[in-house]
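Input: a single structure, listed below in C-alpha cells.
Order as written gives the chain letters A, B, C and D; numbering starts at 1 within each chain.
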C-alpha cells in the first residue's frame, strides 16, 4: 500500500500485551478510551500515542480500556483505580468529566488525568485542556490566504456532531478567515470577503457523509475545506482529492485541512496542513509528572504557546511516518514518496502565506490577537453572526 | 400402468402410526375408490404413493418395477399425480406459473408452448380457468381444476383425487365425473378418495376401505351402501334427531341489501336474508359465489360496503377452514378453547388457566375429542378432532345465532352425522343457524329453509319443502 | 419440562462451542484464552462492585429486550425500542428542566413513558391505518428520534454549565446507588420487577392472551371479536412503556451524570442490545432477564479482560456473535 | 438553483448504490424464504475483505496484475466473503432450520467485532485504513452494475422459470418441495448470492465511493436496506426507486444545510421522514413472501 502510513494510530503489538513483557513494569498507565475508541484519528488515537511513549520512556505498562457506552466510564475508571497499580489513569474525552469527578473522590490516592474535561478543584485530577480555537484560527487564515492566492473566495468547514468542543474549531476557523481578510487589505489593499460554509454532518464515523458534505461545498466553489469530524472527515479528504484529480491535478486546489493528528499523509498533495492538537503531549506530560512526583491537581491548558496546538510541519510528518515505519505499517519508500509530495505541495504555496500564518501565530502567542473561545450556545450564535458564518453568495 | 403398494407402514415423527401395513393394487383403466373414516390413513397412503411422504417401510412397484419416488415430481415422472384435499397450489404464483414450476429452473420464461397445451387440455375437459391470476384469488373449484390440468399436462397415468367434490357444485361434480370417465377410457387409472357413498356407487370400479391404518375390506359392484359404511366405521349407530317444531318468529339475524366488494369486484350484491329462532337457513351454492364474503362480513371479519346487518343475542361461528380461521394451531387446546370468551375466565383482567383447563376437559369429554391432553397443541389433533373442538367451543358459547360455514367438510360419516345432530339439537333448543354449505345432501337433511347463492346474489329462497332438488341444482349452476 | 431441559442443554452447548471457537481465535491472535475467560467471567463475580456493575448494565438491556419480546408475541418485528428509549430519556430531561425538586422524579417517569408511548404510536397507527410495515416504520422513527432528541438536548434542554449534556436531574430526584461506591440503583430491581410483570401480563392477562392470538393468527382473532389492530396498539404501547422506562432510568438512576449526553452516548444502542437479549432469552420475559444478566456480565467482563490480560474488547463481540449463532441452531432440538 | 440538479442527482445516485445492492440481495434472499438481518455486518465485512485481500495478494503474496484488475479482485474477494457468510447463514436457516433472526443478529455482532479487530490485527492500525489508489475504482461502474443487477433480478424473479421456483420456495416451501424443487438448496443459493451482493455494497463503500476502510463504514446502511426491501414490496424495480429516494433526500439535506435554513438536526431527519411519508402515502401495505423466515422440513 503506497500512501498510507497511518503512523499515529499504529499499534506495536507488544504495547497491548504487557503480560508478554519480560521485566514486570513498576506500574501501569491506564488509558480509558471514549466510545468509538481507537481509530477515530483524534483524541483516542493521540492519547494512545502519548501513553505508549510515556510507558516506554518510564518503564511502565500500558493498559487500554475501551468504553462501549457512557455507562462504562465509571466502572472502567473504578477498575483502573482498584487495580492498585495505576501510576495514572487517563480519561480520554470531555464526556468522562462526571465519571472522573466521582471516581477521583472514591479513590483519593489514585492520580487521574482527563483530556478536554474541566475539573479544576481536585488534588488528584489534572485536567488537560486545549485551545483548539487558536490552532483553528491559524488554519483558517491559511485556508483563506491560499484561497485568495488561487482566486477563490469561499472556504468551508465540515464538522461532526455539534458538541461544544467543536464550537472552538468552527469559530476559531472563522476568526482566522476574517483575520486573513484584514491581512489582505493591509498587504494588497484589496477588499476581499470570504464566504465561510459550514456543515455539521452529525456523525463522527461515517466518511460517506463527509464526502457528500464536501462535494456540496466544492460544487458551490469552495476551494479549501477544514474538517473536524473524526472518521467522517476521511470523506472530506476523499471528495477534495477526487475533485482535484478530476480537474487533472495531482495537487490542490482544492485543498483539505486535517485535524487533531498530522493527517497530511492521507491524501498527500491535497491536504494543505493539519491543525494538530497534541493530546499525546498532554497525556505524556501528565504521565511524566505522575512518575516524577510533580503531579498536582488542576488545569493544564495547552495552546500554541505551550506547544499543545500547532499547524503541522514537514518535520511533524516525518516524525509520524517514522513511527509508522518502525511499527511495520509503512514502507520506507512510501514514506519518502509522501514526504516528497507534501514538500512539493507546500513549496507551491507562496512563502508570504506561510509567513503571514506565522505572524498570526506570533500575535496569538503574544496575546496581540485574541481568538474568541465560545463556551455556550448563545455565544456561538452571536459569534456566528459577528463572523458571518454560512453566508452563501 | 399397474401400480402396487406392498406392506406400507408409516410412523410419523410424532409417533403417530398412520399406516400399519397396507397392500394395494391399482390397475390400468380403473377407478379405485378409497374409503375410510377420518384419520384412517387414506391421504397418508396416497401421499406416500405420490412421493410426498417416505414410507417407514414397505415397497412401491410400477409395472412390476420397484420405485422410490423422492418427491412429487419423481412420482409424476413415473406417471403418478395427486390432487390434494387441502389444495396444494402455491400462492403468490399465477395458475400458469403453478403448472410451470415443474419445468424446473431456467433463465428462460415460461414457454408459449406450455400455455397453449395447458389451455388445450382445459378446453378438452371443459374447464374455464383464468391462467394469469394469482391462484390465491381463484375460487376453490377453479383451483382444483388447475391441479387436474397440471397433473394431466405432466402426463399423469394415475391420478389421485383426494376428496375432490367437497368444493364443487352438482353440475361441476357431474363434469368431474365425466373427466374421470374420459381418463378411464384413455386407459389411465384414478384413485378416488371420498367420504360420500353415493359418489362411490356411481363411479368406482372397485372400493378399498381403510380402517385405522389397515385395509379392512374390498368391494366390487354392485355395492351395498350399508356394508360400505359398516366397513368404514364398524357398526353404524344413528341416533336420528329430528327437527322439532316450526321456526319461531323472532329474528336472530337480519341482513338487508348487503354489498361487499373485494377490490373493485362486487362479490356480494344486495343480499337480503333473515334467520329466525329455531330455524336452520341453509345457503347453498358452489364455492366461490360470494358465500365466504357473506359469512365473513356477517361475523365482522370483513368490511361491508353497503347495507345492514343486525344480530340479536350474539353469535357463534364455525368457519370453513378450521386450521386457518378457527384455531391457532401452535397453541394448546385450552388456549384455543377460550378464544372469544377469554373474559369469562378472567377476574380483574387476569385469566384463570385452571378454570379454562376445566372447561376444556369438559369439552373434550362432552364432544368426544380424541386428544393427548388439554395442554397438547391443536396441531396434534386430526382434522376431525380439530373440527369437534371448534364445534364444541362454538356451541358452548350460548349464542342465539350460529353461523356454520361448511361445518362438515372433510369429516367422515360418523363425525358428519354427529355435527349435524348437534346443529339440529341446538336449533331445537331455540337457536337460529345460518348454514352455508355446498353439500346439498346436508342442506336437505337438516335445513328448514334453503337459499341458493349464485354470483353474489340470492337467486332462490324458500322453505325446504318448496325447494325441489332439481331446481336448486339448476339455480346453483346459474341456469 | 422436557422442553425447558432441552433448551437449557442447547444453551449450554452453544455457550461451550462459542467459547471454544473464541478461545481458538484468541490463541491465534496471541492472547491467552484461559486467562481472558477467567477475567471475563469470574472477575465480575468475584467482587461486589463488579457484580453490581454487571447488574446495572443488565437493567436497560432487559427493558428494551422486553419491548422486542412483547412485539414478537404480537407477531411484530418491533425494532423501535432504540428510538423510544431516546424519547423516554428526553421525557426525564424535560422533567428535570421543568422542576428542580423531588417532584421531577415522578414527572420524569410520567413524561418519559408518555413520550415513548406517543412515539411508538406513530408506527403503530401507520401500520394499522396505512399498512406501513413496522420494520420500516420503526427504523425511520428511530432515526427521527435520534436527531430530534439531539436537537432538544443541544438547545432548550442543554446544560448551561456543561453544554455537552442536558440539564441534570435535581439532586433530590435522583435514584442514587443503594450501596455506596457501586452502580447498583433502584433501576435494577425495578427492571427485574418489570420483567416479572410482563411475564404475568403475557401469560395471565386477557390482553396478553389477545396479543398472542392476534400475533399467531390474526384471522382467528378477528373472527372471534379480538381486534388485531388493538392488539398491535397494546403490544406497541407496552413495548414503549418498557423502552421508555429504560430511557428514564438511564437519566434518573445512572450515576454519575444523571443527564442525557448530547451525543446520546448513555442511551445509544440499548435498543439493539435489547434485541440480542430478547433473542437470547427466546422471547420469554424471564429468559430475557437471564440473558440480559449474562450480557451484563460480559460487558463488565470485557473491561477486566482488557485490564488483566490485555485482550481487546472486540473479542467480546466476536464471542457474543458466535454464541448467538450457535443458539440459532438449537442443535439438540432433533433429539 | 437549477445548476445544482445534475450534481444533486449524481450524489443521490451514488449514495443509493450501497443501499440498492444490499436491498437487492435481501430481496432475492427473502423471496426464497430466508430473512437475513445480518446485512449490516456483511456489508462491513465486505468493506474490509475487499481491500484486505488485495493488500495481501499484492503486498504479501507478491501477485502481479495490471492495475485495472485490482478493483475487480477486491470486489471478488468481498463477494466471496459475503458468499461465505451467506453460506453459513443459509445453511443454518435452510438445512439446520435454525432461527434466522438470531443468526442475523449474530452476524452483525460478529462482524462488528471481527472488522474492528481485523483492521488492527492485519494492518497494525486501529480503526481505519486507506485503500491504495490502484485498488480504487470509479463508483459509476458499480452504480451501473447495481442497476443491471436490479434489472436482471427483476427479470429472473418475475419473468423466468427460475424466478417461479425461487418465489415458490418463499411462498409455500412444502408445495414447492412436492413439485420437485430442492427448497433448501434454492434457499441456500439465494442466501449466498444475496449476502454476496450485500458484501459488494460494503466493498463499494471502501474501494469505489471512498477509499478507506473504517470499523463502522456501513454506518447503518444495512438497516436502511432492510427497510428498503419492505418499501419496495420485495420488488427489485421498486428497490431502485426506494434507494434513490433515500439517497436523494440524504444528498439534498447537505444542500439545505449550506443554506443555513434550519438546525442541522432537522435537515438530517429529512430522508427518514420522507421515506416514511412516501411509504405511508403511496406504497401502503406490503405483502411479504408468506413463508419468509420460516424453516422448511419435510415429513
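Keep this in mind: a residue touches a chain if its C-beta (ideal position, glycine included) is under 8 Å from a C-beta of that chain, and two chains touch if they have at least 3 such contacts.
In this text the structure is predicted, and so the values were computed from the model without any measurement.
Chain centres here are means of the Cα atoms, and by that rule the chain farthest away from chain D is B.
By number of C-beta pairs in contact, C-D leads over the other of C-D and A-C. Computed from the mean C-alpha positions, the centre of chain C lies at a distance of 27 Å from the centre of chain D. The centroid of the Cα atoms in chain A and the matching centroid in chain C are 35 Å apart.
Here the CA centre of chain A is 34 Å from the CA centre of chain D.
Chain B and chain D, compared by their mean Cα positions, are separated by 45 Å. Counting partners per residue, chain C has 147, 150, 154-155, 312 as the residues that reach two or more other chains. Contact with two or more other chains is made by residues 116, 120, 265, 268 of chain D. Under the contact definition stated at the top, the residues of chain A that touch 2 or more other chains are 13, 37, 162, 202. All chain pairs that touch, listed by label, are A-C, A-D, B-C, B-D, C-D.
Of all residues in chain C, only 29, 126, 130-133, 135-137, 139-141, 143-144, 147-148, 150-151, 154-155, 275-276, 279-280, 312, 314-325, 327-330 touch chain D in the complex they form. Interface of chain D with chain C (complex): residues 88, 92, 96, 98-103, 105-114, 116-117, 120-121, 223-224, 226-227, 230-231, 263, 265-266, 268-269, 272-273, 275-276, 279-281, 283-286, 288. On the side of chain B, the complex with chain C involves touching residues 296, 299-301, 317, 319, 324-331, 335, 338-340, 342-343, 346, 349-351, 353. Those residues of chain D that touch chain A in the complex are listed here as 4, 7, 11, 15, 55, 59, 116, 119-120, 123-134, 205, 209-212, 214-217, 219, 250-251, 254-255, 257-260, 264-265, 268. By the touch criterion given at the top, residues 200, 204-207, 209-210, 212-213, 216-217, 219-226 of chain C touch chain B in their complex.
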